[in-house]
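You will see subunit A twice below: alongside subunit B first, and alongside subunit C after that.
Take a look at the complex of A and B:
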């Protein structure tokens, strides 16, 4: 997965002197229907209707925050955004711009309706390609689509190393040092830049846009692009370009009542047996 | 956004589409403060209220970073927003808790405003940037044990010494943020009239014991200020004003924030009642299907929407420089009465659950009793408006 990244042994994790240079970070931000008021599935396409006002996916607010912190630590540089969204929607971008990103590219095109995750990644990659980024940051998974595949696909399309589930990132010269969340703890990874990293939710505290940030957001540039501007033919994107098809949407099964173990003095044995059967202990 | 209102969410939240009266930036600021309150205040504030605490350090830092402290003031690290934006922020903060909004009102309108409007350049340089950032907390001492609605009867006095120093003596009462303040703006009687003093709270002779046993505004610090021969340098006095106009102009700023804020509290009560009524099943169905419940819910919604329109109108007038003090009284009096009525009636929609702090309504209801009394009681605003329309003063 990360061809040019490698896991450091513990003894190799030394605090290297950070040489500062201007950081250019591109953050992928998805704009999604408000999860508190998500609207409905379209029964025909089996995808979420996106005709409501979209907001910045909270999963991506962590990426924006991490990018801003990296640029602040470098002392120089900028954070730019890329987003693919229907109807030229930019409310979510506005939030990220108000947090402090400098500019954005918005890909919006009726031809893109029905685009699957891989094609989304290709489109985002085409948008990112010529930006001269040191780092591309995305969320580990979006809150609505939730495939958790787009960041790695972007890395593959751009032929860049990919580090997933980053809980912290530090720049060291031309490398980044990443702590990668694992079940047991974390891996320490060193990886050359440019690279694509995906950020786990909750690892940084996303700032609230300030009044000044909000007022400044409106005058920040948002460049709009169509699929054709990025070199895609109509049949390469949208429904026709999708290699995947959603064949069925089903209600999640309702939770069944659990087993109640009455303590007759042997309850602990039964609990241990149960946990062993689940292979959690 | 926060509270799912069911299938008719749009109608329930903003029946008259009052959002259409706001700019994109105003909506974004409003939504940002709402998100902050939903995420960081609402999950905690019931417990703060129960325990009678307010974690001012964390709160001040975050809202300072957001630019909400002294936000409608220009320069010295203040955000310089419109009055409308300040009002919108107050409404969202008070949808969380009146104590939170009080903290912001006192900091921005009562402590920072007089320094900004009447202070010397040194006062402004020293205090405004850290207060805007939330690193320094301010309070405002006008009311005394024997001087409330009639502040010009105050006894706290300031005597200038031959070397120019000031000697302050007296007691202030019911002072929000008193015990947590780094600086107090204290109003006192001097030979030449009522003067304001910038008092660092670590100075000798100053103490601020907390007032306990409140059943209202519990997530807010209220204190007594004791000034026992507090000696201040000559330049501690606010040079720009020497009359009751000083404190009254501050109150006018804060009352403006309140007339927005209480609409937020009323909205929170209405939405809590609506959600509850949609979920609570009695006689085989949700209580929101009863005509009597619907009448109450529609009354709440109507009152909140009217209060919103009133606040927006007064906000626009203020930004045009055309808002008079008696119009501020109209807003403070009307919207606070509205909010307290909505809160009381909404409380009863929640039945027995309504009397616990598991739900926000009784907390708002109790808080609003303070809001009804401070910043000019309901009666005092009635008299201000009465005088404005008849020409007769009925104060004394």
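Take a look at the complex of A and C:
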């Protein structure tokens, strides 16, 4: 049973005072094929080929930035990374380390090829659970798989409260105050730590790794683990451990041509009628 | 022997490119004709890229020259103009190699963190271009000070610099055995506490073909402290000469970046632009000049890395540094011309950035040393033929 996060009234948020607290933040990061050079789908597995250049998923760079800002605001603490890959690819981790994370754990194992979202969450949770994190941050969804479920699954496995779509996070004693993005605006949430939060793209401006950061990243520790090191049997991970199967991949439908409204002096009427027919106005 | 780039370089390339792409061609175009890229230079400095060559003990990155060339190459390849800030990398070389420990500890950490800009390198004069021994700006010792009088020209970025490396005559030429003797190099603090230019110094911007923030600087009895002298009095020419090899190698790398920019743009355009029912790149008249320029650019690139490697090993690299600059500037100009032809009329349109980059890269066949003088150097010093000038 997860401990609950509570939605606050605005007045409650205003009354809360900030206190400083050494922060240990774990950020889940994924290394994905460069969207500028994404490669192709493997026709057999119907998944993205990963034999191209991998980079830090941009959606995770927001989580790294938010974690760094929280630690900076706390005045002490550190940001560590966890990641999972079917090979010992580190280039994306290097970017996050160069941004300022202190160390990383990479679960690197060929047996992980084909691992689904839930097993990914279990593996990441197993990596996180003994780290003594105050906060676990993940991107809302990866830019290659887009399942959007892993952060909440990690929270469930670790039995931690979870807040999704965080647009801002502030530490207040043993709690975090989160503004959660909604369609209408945002919810103000108070949540006890430790907790898992997912952040949406664009909520912070990820810093550019400095030259010194890049050089320092080379000597930052990256611990590699196998799935077996975390207590997983071979049939619990990869394709064999996956509870889901991709049965078909189809081309996205071609975008249809729009209607062109000639302005004969009555164009505005036609546009209003069109928007009304869509119930947009 | 291998030609693999060190792993670090890939990270440097991608991060510099990411930062440079944030600005993009629209930004560089908007600076025309003469606005300094203050925002870009500040961000580059803040992220430590311009202090990459300063040793770590003085707050810099301690990077090799080979690595530093990659930084400037990527800025140029993105469409930017590293000429706006490249001097921040190499001008400090004279101070680093010949300055006293006191001078280095006083200035280098502040150059590294960006609180001081050392971008002005004042050597050339209206009556003394490549013939450095003819410079007339003089520094006369007066108690605990030096008094500077004279004029420099083509001192780029002086308006945006806090410090200047200045070459001045301290012993009259007629009293020297050789014309290049009797010259001394100084580190001049250009601004007073209020940020204004020091008494007696005047800077006049010069309108040029490209946006390079170049100026002429007048010294009317400018007084600087005695300890502004770098190294040994009378040895100034040799002291600045050391930094010139680094300058040439860095500028060669900028030209390599420019060439990549031209060829990337032109080959993409040649594939996309359809005339008479097929891409114009299917015509040998379009394709071959680009391919030829690519071959020349790659050859220049090899010389760039050879020169940089020699420099990093502490070996003599004068010929290689000069050849790299000459080959790269010729190749980038060739690539730019081919890109202009490929784009047809659009190549002259500002929004395509070809004409802007072509103006920028053309400078480097002339500066920091004319390519003809490089040929003269090779002919005389390397091939042993008579002096040709």
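Please note the rule applied: the second predicted complex is superposed on the first by the 254 of 281 C-alpha atoms of A that agree within 3 Å, B and C clash if a C-alpha of one lies under 4 Å from a C-alpha of the other, contacts with A are read in each partner's own complex, and residues count from 1 in each chain.
The definition used in the following text is that contacts are C-beta pairs under 8 Å (C-beta built on N, C-alpha and C of every residue); 3 or more make two chains touch, one makes a residue touch a chain.
Model, not experiment: these values are computed from the prediction.
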**Message:** Taking subunit A as the common reference, can subunit B and subunit C both be placed on it without clashing, or not? Answer clash or fit.
**Reply:** clash
**Asked** Taking the superposition as given, does A:98 touch the first partner, subunit B, the second, subunit C, both, or neither?
**Response** both
**Prompt:** Where does A:165 make contact in the superposed view: on subunit B (first), on subunit C (second), on both, or on neither?
**Reply:** neither
**Message:** Per the contact definition in the header, classify A:155: touching subunit B only (first), subunit C only (second), both, or neither.
**Reply:** neither
**Message:** Per the contact definition in the header, classify A:37: touching subunit B only (first), subunit C only (second), both, or neither.
**Reply:** first
**Message:** Tell me the contact category for A:214 with respect to subunit B and subunit C: first, second, both or neither.
**Reply:** both
**Fill in**
The shared contact residues of subunit A with subunit B and subunit C are 94-95, 98, 208-212, 214-215, 218
**Item:** Complex contacts: residues of subunit A adjacent to subunit B
**Value:** 34, 36-37, 94-95, 98, 207-212, 214-215, 217-218
**Request:** In the complex, go through subunit A and note every residue touching subunit C.
**Result:** 55, 91, 94-95, 98, 208-215, 218
**Asked** Which subunit C residues qualify as touching subunit A in the complex?
**Response** 8, 11-12, 14-15, 18-19, 22, 43, 46-49, 51-52, 61-63
**Request:** Sort out for me which residues of subunit B touch subunit A in the complex.
**Result:** 1-2, 4, 9, 24-25, 28-29, 32, 35-36, 62, 65-68, 71, 79, 81, 85
